[in-house]
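What follows is a pair of complexes built around chain A, which joins chain B in one and chain C in the other.
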Partner chain A sequence: MIVEISHFLSLLATGLFFLAGYFSLFVSSTSYTSNLISRTYSQAFLLLASSFLIYVWLAVTDNFSVEYIANHSNSALPIFYKVSSIWSAHEGSMFLWIVFLSIWGFIFNIAVNNNDILKPKTIGIVSFILVGFLLFLLLTSNPFATILPIAPINGADINPVLQDPALAIHPPTLYLGYVGFVIPFASSLAFLINGDSNIKWEKSIKKWSVMAWVFLTIGISLGSWWAYYELGWGGYWFWDPVENVALMPWLAATAFIHSLSVSIKSSHLRIWTILLSILVFSLSLFGAFIVRSGIIDSVHSFANDPQRGLYLLAFIGIIIVTSVLLFISRFSMIKPSSNIKTLSKESFISINNILFGTLIFAIMLGVTYPLFYEYLFDQKISVGAPFYNAIFIPIVILASLFLFLSVDSKWSRGITIDLFKKPIAFSAIFSIIFVITISFLFNTTDIFILLSIFAGSLIISRYFIEIFRYLFNKKYLNPYSAIAHLALGLLLVSISFNSLLSTERALNIKLNEYEEYEDMKVYFKDIKLIEGSNYDAVKASFNIEDEKGNNFNLNPEKRRYFTRGQITTETAIHITPIKDIYLTIGDQLDDGSWIVNIQINFLIRWIWFSAALMSFAGIMLIFSKKKSNI
Partner chain B sequence: MNPIRKKRLYSILFVFLFSVSGISLILYSLNSNLDFFFTPTELKNNIIPPEKRIKIGGMVLEGSVERNGSKVSFVITDYENSIKVIFEGIVPDLFQEGSGVVALGYINNQIFYAKEVLAKHDENYMPPNIDIENDS
Partner chain C sequence: MKILLKITVLLIPIIFIFMFFFLLTEKKPYPGADYKEFPIPNFNLESLYESEPLTNVDLRGDYIINIWASWCITCRIEHPYLMNLKNKRIPIIGINYKDERYDAIEWLGRYGDPYDKIIYDFKGLLALDLGVTGAPETFLVHDGVIVAHYQGEINNSIWSDVFDPIIKEKEMFK
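For the complex of A and B:
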C-alpha cells in the first residue's frame, strides 16, 4: 500500500516536471510565467523527494513486498546498509540518480532570483531531462514493482563486497557529481536559446560547476580507495571501462572549469566553454548508458537488458543532437570578436583544452573500439592499460610543462618566457637535480617515469616559490589554483614513485614458519576458523618484522557469506606514510602451506591525498566570499 | 592572395595537419596495444606469435588444477578444445574447477603463460562466446 503511494507521487512529479518544462519552453515568458515555472518545479521536487523518502523508509522497515528491496536487502543488515542497498543495483540507483538531479535543480531554483533572465529556461531544460529519466525509470526499470500476494519472509541480501562504508557513500557522491553538471549544461543551452550574447551567464554558474567537480573528484577517489582494500588486487586504477566513463566527464569538467574562468574574464573561449558544458553532461549520461545497458563487461556493470540500453541511447542521442544543433544555429552569436593573444593566460588555457580533449578522445576510442570491432569483425578484443599509458603519460607531461610556463601569464596580454628568469630557472634546476638524484638512487633509466617526476617536481617547486613570494613579498596569489595545481604535482610524483618502486610476490608459507621478502620477515603465526554474523571465514595471523626491526601483525581473511555463498578476500594492510604492506591470503596447498600474496605499495596514500587536496581547493573556492578566478 | 586569407589558410592547414597526425598516433598506439580474445577452439584455428599478448576464456576443466609452489596450472576448455595454462600468484576468489575464467598472457608451444587470471565478481558470470550451462 505504502509503496503505491510512493509510486503515485513519482508519477505526479513526472507530470508536474513536464508542465514546468512546457511552460518555460513553449509559453511566452512574462514575470507571471517565471513565478509559475519556479513554483511548479518546487512542488514537483517536493513530490519526488517525498516519494524517495517513503522508499527509504520502506527499505529501513524491511518491506519485502517490494520486489527490489526483497532482492537487495535483508532484515539482518544494519540500518546503514539497508539504506545503501537502495543504490546497490540498477533500479534503486537510477531512482537516486534522478532524485539528485532534481535536488540540483531545486537548489538552483531557490538560490537564483526569479528575475534572472535565463532562470525559467534553465529550470525548464532541467525539468525535461527529469521527465525523460523518470519515464525511463518508471517504464523500463520500475523500483516500485511488488511481489504480491505473498511477500518473502526475508530479503536476498546485498552483495557482500558492497557492504562497506566507502562503497555506501561512493555511488551517491559520484552521482551528485555527474548530475550536478546539469546546471551548467542547462544554463548554457538557456543562454543559446535566449540569443542575447551580452548576458554574462558564465559567472553565475561558476560555483555550481566547481561544486559538481568536487563531488566527482571525491566520488572517483572513493571508488579507487575502495577497490584497493576490498577487491584484494592492490592498485588504485585499472582502466576498467567503468572507471574510464567516470574519468571522461572528470577531464571534460576540469577543462570546462578552466575554460569557464576565461569566459568570465573576457568572453573569450565561449565556444569552448559551451561545447565543454555540453560535453561534460553528455559524457555523464554516456557513463550511465555504458553501466546500465550491459554492453560492456565490467565489475561494475548491472544486469543486462537491451531495452534499457536502447531507451537510454535514444534519450541521450536526442539531448546531444538537440544541443549541438542549437549550438550550430547560434554559432554567430558566440563567435569571438577578436583573437586571443599568444602566450596570454587565455592561450595557455586553450592549449589545456586541446590536450584534455585529446585525452577524452583517446579514452572514448578505447571504450568503444572493442564494441565496433566485434560488430565488424566478429572478434572480441579488449583495450588494456598499455594503450592508456601510452597516451596519458606523454600528454599529461606536456600539459604539466605548459602549466609550469603559464604560472606567470597574464589575462589578455602575452608574456615573454625567459628561461633564465629567477623562479623558472630555480624550479628547473632544482627539478633536474632531483630527477638525476632519483635516477641514481633507484638505479632507473625509465624515461617516462623520470619525466613524470620531473614534471611534478617543476609544478610543486614553482608553486612553492609563488607561495613564498605571496607570504614575504605580498605578491598576488590565487590560492585555489595554487593548491589544486600543487595537488596535481603531488599526484604525478606519487603515481611515478608508486609505479617505480612497488613490488609484489606470491609466497608459500607453512604454519609457524617464515619467508623473507624485501628485507622483511613474514612469520605465519596462526590460522583459525571464525564466524561472523552473516559469514564464516578463515583468518590468518602473520607477524612481520621490517628492515628496521619493527614488528606488526597482519590478519588477512577469506570469507564465505551464507546468503549467496560468495567468497571474498579481506586484505590486511599495514599503513605507513611512505608505503603500504598489503597482504592477502590464497588457497592451501597439498603440502599444508598457504599461498600468501604480499605487495609493497609506495606512496599510494599520497595519490588519494592529492585528490583530496584538489577537492579541498574546490571547496575553498565554493565557500569564498570574494569573486575570484581559477 | 590577400594576406589575411593567406594567414587563415595557413592556420587551417596547420590545425588540419596537427589533428591528423595526433589522431593517427592515437590509432597507431591503439592498434599496437589491443588484446585479442580467443576461446580454445578459436586458438586452434589461429596462429599467434609468442610475443603477442592475448586473452583466452573458457571453463576450468574439472580435475585439471595442479599446484606447484606458488605456481598453479590448469586447463581452460570450451569442451571442444582445450589449452594448458600456467600462472604464478593467487587465483581470484571465484576461481574453481568447472567455472568460467579469463586469462591474459602469452602463448608459447601450446602452453599459455598467464600474467593475470580473472573470474568476474559475479556468481552467474559466463565467459563470452561460451553458451553451455554449468552443470554444478
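For the complex of A and C:
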C-alpha cells in the first residue's frame, strides 16, 4: 500500500514538472508566470522528494513486497547498506539519479531571484528533462513494481562487492556530479532561446559548474580507490569503458570551467563555453546511456534490456540534437566582436580547449570503435591501455606546457613571454636538473615518463614561485587556480613515479615458509577458515620483513558469500607515504603452496591526494565571498 | 560559421545516434553459436600447473571446454560467469591458449581458478583441431562429443539460449 503512495507521488510530480516546463517554454513570460513556474517546480520537487523518502523508508523497513527491494536488499543487512541497496542496481539508481537532478533544479530555483530574466526558461528546460527521465523510469524500469500476494521473507542480497562504505558513497557522488551540469546546460540553452547577447549569464552559473565539477572529481576518485582496495584490481585506473564515460564529462567540464572564466572576464570564447556546456551534459547523458542500455559489458553495466536502451537513445538524441540546432541557429548572436590576442591568457585557454577536445574524441573513439567495428565486421577487437596511453601522455604533456607558459600571460593582452625571465628560467632549469637526477637515480630512459615528470615539475615549481611572490612581494595570486594546478602537477609526478617504480609478482608460498621479493621476506605464518555474518572465508596471515628490518603483518582473505555464492578477494595493504605493499591470495596449488600476489605501488596515495586537492580548490572557490574569481 | 562547419557539428551527434540505434536493434540470433557435432580430437599436451601430460583419456563425462588466455580482455569479463558455473558444479576444462605459463598462473591467482583441469596449449594445436578462432570460446561436451560451440564471451543469456536447450535435450550434467 505504502509503495503505491510513493508511486503515485512520483506520477504526480511528473505531471507538475510537465506543467512547469510547458508554462516556461510555451506561455509568454510575465512576472506572474515566472512566479508560477518557480512555485510549480518547487511543488513538483517536494512530491518527488517525498516519493523517494518513502521509498527509502520501505527499504529500511524491509518491505519485500516491493520487487526491487526484495531482489537487492536483505533483512540481515545493516541499515546503512539497506539504504545503499537502493542504488545497487538499475531501477533504484535511476530513481536516485532523477531525484538528484531535481535537487539541483530546486536549489537553483530557490537561490536565484524570480526577476532573473533567464530563470523561467532554465527551470523549464530542467523540468522537461526531468519529465523525460521520469517517464523512462516509470515506463521501462519501474522500481515500484510489487510481488503479490506472497512477498519473500528475507529478500535476496546486495552484491557483496557493493557492501563497502566507499561504494555506498561513490555512485551518489558521481551522480551529483553528472546531473549537476544540467544547470549550466539549461542556462546556456535559456540564453540562446532568449536571444539577447548582452545578458551576462555566465557569472551566475560559475559556482554551480564548479560544484558539479567537484562532485564529479570526488566521485571518480572514490571509484578508483574502491576498485583498488575492494575489487582487488591493484591499480588506480584501468581504462574500463565506464571509467572512460566518466572521464569524458570530467575533461569537458574542466575545459568548460576554464572557458567560462574567460567568458565572464571578456565575453570571449562564448562559442566554446556554450558548446562545452552542451558537450558536458550530453556526455553525462551518454554515460547514463552506455551503462544502462547494456551495450557494453563491464563491472558497472546493468542488466541488458534493449527497450530501455532505445528509449534512452531517443530521449538523449532529442536533447542533444535540439541543443545543437539551437546553437547553430543562434551562432551569429554569440560570435565574438573581436579576435583573441595571441599569447593572452585567453589564447592559452583556447589552445587547451582544443587539446581537451582531442582527448575526449580519443576516448570516445576508444569506447565506441570496438562496438561499431563488431557490428560492421562481426569481429571483436579490444582497445586498451596502450591506445589511451599513447594518445593521452603526449597531449597532457603539451597541455601542461601551455599551462606553464600561461602563468606569465595576461588577460586580453598579448604581451610577449620572455622565456629567459627569472621564474620561467628558474622552473625550467630546476625541472631539467630534477629529471636528469631521476633518470640517473632510477636508471631510466623512458622518454614519456621523464617528460611527464618534467611537465609536473615545471607546473609545481612555477606555482611555488608564484606563492612565494604572493607571500613576500604581495603579488596577486589566484589561490584556487594555484592549488588546483599544483594538484595537477602533483598528479602528473605521482602517476609517472607510480608507473616507473611499481612492481608485482605472483609468489608460490607454502605454509611456514618464506619467499623473497624486492629485498622483502614474505613469511607465510598461518591460514584458517573464518566465518562472517553472511560469508565464510579463508584468511591468510603473512609476516613481511622489509629491507630495513621492519616487521608487519598482512592478512588477505578470500570470501564466499552465502546468498549468491559469489567469491571476492579482500586485499591486505600496508600503507606508507611512499609506497603501498598490496597482497591478495589466489588458489591453493596441488603441492600445497598458495599463489600470493604481491604488488608494490609507489605514490599511489598521492594520486588520490592530488584529486582531493583539486576538489579542495573547487570547494574553496564555491565558499569564497569574492565574486570575480576564476 | 561556414555552413559546412554547421552541418558537421550537427552530423556528428546524429551519426552516433544512428549507429547506436542500429547496435540496439540488431537482431542476430547468436552468430557465435554453432551446433555441429564432432568428437574431441586426439591430443597430448601438458597441464598448466604441473606440466603433466594430459590426453583424451583424462576427460570424461559431461563438461564444457573454455578457451582462454591471460592476454584476453574479454576473458576477464567472462571470468566471473565461469566462477559462477563452477559454483553450480559444472565441470570446466580450460584450454590456456597461446599464453605464457607464468602469466596464466598469475592471472588465475589474481582472479580465481574456475577450471577443473587446464590444458596448456602454447602452440594452439588442440585449439586448431577444435576450430578455435580466438579467445574466449566455449564448447559443450557430452560423452566425448562436442555438441555446441560458442565463439565469444558466454554469459547468463547465452548459456540459457545457446547451451540450455542442448543440455535439456541430452539430459546432461545429471
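We adopt the following convention: the second predicted complex is superposed on the first by the 629 of 630 C-alpha atoms of A that agree within 3 Å, B and C clash if a C-alpha of one lies under 4 Å from a C-alpha of the other, contacts with A are read in each partner's own complex, and residues count from 1 in each chain.
As a convention for this text, a residue touches a chain if its C-beta (ideal position, glycine included) is under 8 Å from a C-beta of that chain, and two chains touch if they have at least 3 such contacts.
Worth saying up front: this structure is predicted, and the values here are computed from it rather than measured.
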Task = Could you classify chain B and chain C on chain A, in the superposed arrangement, as clash or fit?
result = clash
Task = Based on the superposed arrangement, let me know which partner A:A145 touches: chain B (first), chain C (second), both, or neither?
result = neither
Inquiry  = Looking at A:I328 after the superposition, I want to know if it touches chain B, chain C, both of them or none. Which is it: first, second, both, neither?
reply    = second
Task = Based on the superposed arrangement, let me know which partner A:N597 touches: chain B (first), chain C (second), both, or neither?
result = both
Query = Between chain B (first) and chain C (second), which does A:T358 come into contact with in this model arrangement: first, second, both, or neither?
reply = first
Request  = Could you tell me if A:L471 is touching chain B, chain C, both of them or neither one (first, second, both, neither)?
outcome  = neither
Inquiry  = A:L371 in the overlay: touching chain B, chain C, both, or neither? Say first, second, both or neither.
reply    = second
Ask   = Between chain B (first) and chain C (second), which does A:T584 come into contact with in this model arrangement: first, second, both, or neither?
value = both
Request  = Mind working out whether A:I391 is in touch with chain B, chain C, both or neither, as first, second, both or neither?
outcome  = first
Inquiry  = Per the contact definition in the header, classify A:G309: touching chain B only (first), chain C only (second), both, or neither.
reply    = second
Query = Which chain A residues are contacted by chain C in one complex and by chain B in the other?
reply = 232, 297, 380, 382, 384, 506, 558, 565-567, 569, 584, 586-587, 589-590, 595, 597
Query = Any idea which chain A residues touch chain C in the complex?
reply = 232, 234, 282, 289, 293, 295, 297-298, 304, 306, 309-310, 313, 317, 320-321, 324-325, 327-328, 331, 335, 368, 371-372, 375, 378, 380, 382, 384, 506, 558, 565-567, 569, 584, 586-587, 589-590, 595-597
Remark   = Per the touch rule above, chain B residues touching chain A in the complex are 22-23, 26-27, 29-30, 33-37, 55, 67, 69-70, 88-91, 93-94, 104, 120-121, 123, 128-129
Query = Any idea which chain C residues touch chain A in the complex?
reply = 1, 6, 9-10, 13-14, 16-17, 19-26, 31, 49-50, 73-74, 77, 80, 83-84, 87, 102, 105-106, 108-110, 112-113, 134, 152-153, 155, 157
In the complex with chain B, residue positions of chain A that touch it = 161, 231-232, 297, 299, 358, 361-362, 365-366, 369, 379-384, 386-387, 390-391, 506-508, 558, 564-569, 584, 586-587, 589-590, 595, 597
